[in-house]
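Going in written order, the chains are labelled A, B, C and D, and every chain counts its residues from 1.
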Amino acid sequence: MVDVVIGGSKQGRRGYSLDEVAIAPHRRTRDASEVSTAWTVDAYKFDTPFIAAPMDSVVSPISAKTISNNGALAVLNLEGLWGRYDDPSLLLREIAQCSPDQATPLLQKLYSEAPVDLGLIKERIAQLKESGITVAVAVSPQGTAELAPVAAAAGAEIVVIRGTTVSAEHVSETGEPLNLKSYIHDLDVPVIVGGCATAQAALHLMRTGAAGVLVGFGGGSSHTTAEVLGVRVPMATAIADVAAARRDYLDESGGRYVHVIADGSMGTSGDIVKAFACGADAAMIGSVLSRATDAPGGGTHWGSEAWHEKLPRGERHAMNQVGTLDQVLNGPATRGDGTMNLVGALRKAMATTGYSDLKEFQRVEMIVTPA
Amino acid sequence: MVDVVIGGSKQGRRGYSLDEVAIAPHRRTRDASEVSTAWTVDAYKFDTPFIAAPMDSVVSPISAKTISNNGALAVLNLEGLWGRYDDPSLLLREIAQCSPDQATPLLQKLYSEAPVDLGLIKERIAQLKESGITVAVAVSPQGTAELAPVAAAAGAEIVVIRGTTVSAEHVSETGEPLNLKSYIHDLDVPVIVGGCATAQAALHLMRTGAAGVLVGFGGGSSHTTAEVLGVRVPMATAIADVAAARRDYLDESGGRYVHVIADGSMGTSGDIVKAFACGADAAMIGSVLSRATDAPGGGTHWGSEAWHEKLPRGERHAMNQVGTLDQVLNGPATRGDGTMNLVGALRKAMATTGYSDLKEFQRVEMIVTPA
Amino acid sequence: MVDVVIGGSKQGRRGYSLDEVAIAPHRRTRDASEVSTAWTVDAYKFDTPFIAAPMDSVVSPISAKTISNNGALAVLNLEGLWGRYDDPSLLLREIAQCSPDQATPLLQKLYSEAPVDLGLIKERIAQLKESGITVAVAVSPQGTAELAPVAAAAGAEIVVIRGTTVSAEHVSETGEPLNLKSYIHDLDVPVIVGGCATAQAALHLMRTGAAGVLVGFGGGSSHTTAEVLGVRVPMATAIADVAAARRDYLDESGGRYVHVIADGSMGTSGDIVKAFACGADAAMIGSVLSRATDAPGGGTHWGSEAWHEKLPRGERHAMNQVGTLDQVLNGPATRGDGTMNLVGALRKAMATTGYSDLKEFQRVEMIVTPA
Amino acid sequence: MVDVVIGGSKQGRRGYSLDEVAIAPHRRTRDASEVSTAWTVDAYKFDTPFIAAPMDSVVSPISAKTISNNGALAVLNLEGLWGRYDDPSLLLREIAQCSPDQATPLLQKLYSEAPVDLGLIKERIAQLKESGITVAVAVSPQGTAELAPVAAAAGAEIVVIRGTTVSAEHVSETGEPLNLKSYIHDLDVPVIVGGCATAQAALHLMRTGAAGVLVGFGGGSSHTTAEVLGVRVPMATAIADVAAARRDYLDESGGRYVHVIADGSMGTSGDIVKAFACGADAAMIGSVLSRATDAPGGGTHWGSEAWHEKLPRGERHAMNQVGTLDQVLNGPATRGDGTMNLVGALRKAMATTGYSDLKEFQRVEMIVTPA
């Protein structure tokens, strides 16, 4: 921990964003074809260590299938439009086409008018199951108690509990606090939980029995947590810190390896590569997938923070569409700007630095240099 | 104090702006409904620790009432248009509508043509009193001798002495220097005084008997003190330094707690949150309120520095209007950019980091990271 | 000296630009009317420590008079248009009006077609003398041998030898190197020489007998030395270093005080204030004066580097015109952006920090903070 | 090595780009005419230490002649259009004129449709030989085995093996890895190889028997390696590190001096000067030459990374044309922005700091300062 004096007795830790770090090639190189990007969490194996974020602009029952076909895991947000409306296609188009000024009010309206529908949730899970993919769904911390058991019973294979900050120690005097530990124990499926951003917060989440923790807070391209709440956690530092917590917990738990999943702040394949270099086991990606022509966002992107009724902490962003989900994930790329062939880029970066698997690649040498 | 060598034997202290710091969430969270943002200065209690700056674009007798209804304190500038003109409504409109090039000359003309009128001042105070709010007024250091006693006699409950730099030790060979200590002693109401920016300057102001000190100098969005005078004091460092002086003075005085009030450089709710995190007890805000549709500035914003006859150190800025004062202060927000629901954002930031009151929140962990 | 490792065994000193530093107000303030900005070099006394740079866009025989009337010193470039053409008025207009692309070729043509004319030089000096001002002229290092004695004989009272880098130790195998020491000894008038940027280079220049040294290299707004030569010397560090050399030389010489004159990189009154805070005794200013409506550049600005026949290291820049030379120097300002009332701004900055003369002001506290 | 903690146990080395460093003039200056920029590699002597990069936008058989006439070395890419097509003139024009969106697909098509043709390669080398210049050609690491011997046999005098990262230790389980050491031993001509970016990688390349190593990776103006792969190596640090490796290898080898050649990230003459100051013996330049009106790129610029079929890591960039190759290299410059008279600028920078040859100039003092 390197603390700097802000003033008086107030100190702050120097945190590095992914923009401020880079990979340094070294003395060895390797054939890109001999590199493995395989990732395994619990009993589930994936060719690609990417998780499509539970955002309505990215994951629909249909895009989930395409994403899975590309070797990645797609997570459907049960509290999104697909859990509230029978057929949200027209609503998605409305969101994509409305003017920037009207986008936040429209999101606030659409997500508050229709409540989450348990019947619809079961239907969605059945639909995902039918398509033959690993069924992963997300709920908010507030929605966990009601929705997670329903989802698991309906066949969800992986449950993601995702909020801007999820802590293992939520204080509430009026309501019942979310007891993550007992929830996760009771659910019979692996749980991924987050975001968190410090080693200590991550350690507490690991102790709840989670299979993976999401690292991030307000760094995503469509979030404005820094502007609204003043909360910002530079991702390179956050990932490296949580990776250190993973090692501590490995020792403390006598060998349970909790996956560190970078979530947000990765706008290009270069950013994704750096996240792995900092210690991530997998990357939850949103904006990069929303650039696909067949992403449900139709050229726009937003997260659940953007539809908060009283204090939205995100905006609907227009995204430059670059190619299909297939091309974005596995190429071929027709652009050289880090927005296409994300898997190929990760593979090439590993090859260029001589590493053959992701675990090894976490040891790659890094450079710190202004953005 | 961390000094760096600029060159030769010249050293400078490394100062951090609010842009360079951020809040780091930690292992605990809390319900936002269980957070208190209450602030008490002297006998006056407020639900909201915000003070509307004594600027004509922000506080009029009418907006003061609206701001107070939102739980905050509004300070009317006795030397502004309301202390010079019977009805400045048309002048405010003229300022809002004139071209950028003509704005400074127009301000110079309007504020110099009509002198401050003691009768008008008494009327304004009566008007504020009638509306049932805590009556707070501001004078410049130069105007203190003449205006402060009149204001106190007329019923002002809090007096703010505000200048770009106010020192406890003003040197003047020709005129009588402002003896802050005796003035503050003689006034029978609590006095808030500033700006200052260093621990030592703040300590001297605290010794004058002030109830609160304003921290800031040239950081406001409409000020240009850095361009004109070369004076710039990064707010995160300034607040943390003055907070340290507060603790020293608490010991020295045997327990008198002087409020540290961040003044300026806070353009979003995120900035405001960071100011509290650095040690502020309250925040004097201007530009964020001038974005309200019912702020007197009519979509523009300026401070008293901007109307100086020979050396203006500010400009009239056009501000994007975002919603009513009610919405700006307490929401609901229809934008996710940190310009609306300032109270809700502060509350949410405290909840996200697990703190229940402002004093505790001053201990929150911070991150230092390039803007 | 704080060196950082660039790589391998290569180290570099961390240098600070004026943008990275600022003045910090402290516990004392003072009436601006009780501040002295007087500056004395040799037998010449000035109310204002500003020297108008020997640039054709700034100093003509006519503007020199106006500048002097404002208490400053104006230096006419003997190798500029006024030393080459009988009446350059039309040429100045042509330069001001030609397109950006054509400006460099036009400057190259105009300054090479007509040689410097000794008769014309004597005439210019007589003209300046007649107007009753202190007669100061500039020559290049290359032109010194031929022009400086002529100028002194014709009545120049101060001679400035100014080049991008002037060293006391110029190596030349073919030509005769400029022996500054003997030239300065032989000239019977005070000589100001530069630019230099390091303590050691400055010390050598001080030993030549110069009355003042110019600090700067490629920092001016119209220079492109960094882009062309890779040479950049951040001014805050350069001034502070040379100020330290001044103190060393004061001891070494048994009391000869050589003036440190900041030259370039000062685009606003705030920058000028910071230069004094870093240790400057006077400031040579160009671009800020070229913004005057009665500056000869007619809304454009260029230096002698811009007209080099083979390797121009500057460009003609368009400058926003803000007011008359009188207003730019002594106000009143009708803008709040640091471009007007330079003297008033310096005076106010000194008053705000409680200092009464320039020598004292060199001790003011500074802050280091990103631009 | 100065390492900073990114987070947890992850450290990164602080690397400096050329933008962050600058040359500091010192106490001595020199006549520019008495400076030598001569460079010798193996038996080949050049007046100018510049190597035109093997990029189709820069080096054609015709531009190679012009570049050589200016004292520099031009390297033809044998795997570029000239090694694939009889007459690529129309194709070059098509590339220059197509829209930005279509550029990458067009490059992918043109470079994949026609294979490299051994007969054509021999013809090109004969053509270069005929024009009387030093014949230098480039191959990719992958193409080395097949093409390098053919080229050497056909009369190539210098062979450049250039890839984004070339290591002495390439791991391949399926194919035969490139054994650089035996290839270089078998080729009877001096070999320049790279890029590399760290001291250790460079040391291994030096041990292969190479006459020179290219320093750089993804820094060129047309590359996007940072965005795509997350790989970025700030050039100032990389050059200084590899220069340190050169010294180590000099000792280890008992006196073999391997040339350190900066490759990329040099967009102006100022950048080139800094590269030499950091320790480079020569500079391989691309974008600065592509700005010439007679460069084959016709106002556009691209590298071999840009035409990769699946993962392009570069783009075709539009370049502002500034003058002829003669003017760009040796002036006269008609612009003051560091794009013309590169040789003159290097010469002037050396003179300004008092150095007489490039080896000495590597000791020049440097400043570190934000870009």
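For the reader, a short list of remarks on this structure follows.
Keep this in mind: a residue touches a chain if its C-beta (ideal position, glycine included) is under 8 Å from a C-beta of that chain, and two chains touch if they have at least 3 such contacts.
What you are looking at is a predicted structure, and each value in this text was computed from that prediction instead of being measured.
Two copies of one chain, chain A and chain B, touch each other, and the residues they use overlap weakly: the shared fraction of interface numbers falls below half.
With rounding to the nearest 5, the Cα superposition of chain B on chain C corresponds to a rotation angle of 90 degrees. In this assembly, the C-alpha centroid of chain C lies 40 Å from the C-alpha centroid of chain D.
We define each chain's centre as the mean of its Cα atoms; on that basis chain B and chain D are separated by 56 Å. Within chain B, the positions touching two or more other chains are listed as 15-16, 237, 370.
Contacts from chain C toward chain B in the complex involve residues 1-2, 15-16, 21-31, 33-34, 199, 236-245, 247, 268-274, 277-279, 331-338, 341, 344-345, 348-349, 352-354, 365-370.
By the touch criterion stated above, chain A contacts chain B in their complex at residues 4-17, 20, 104-105, 108, 164-175, 196-198, 200-201, 203-204, 217, 224-234, 237, 305-306, 309-315, 370-371.
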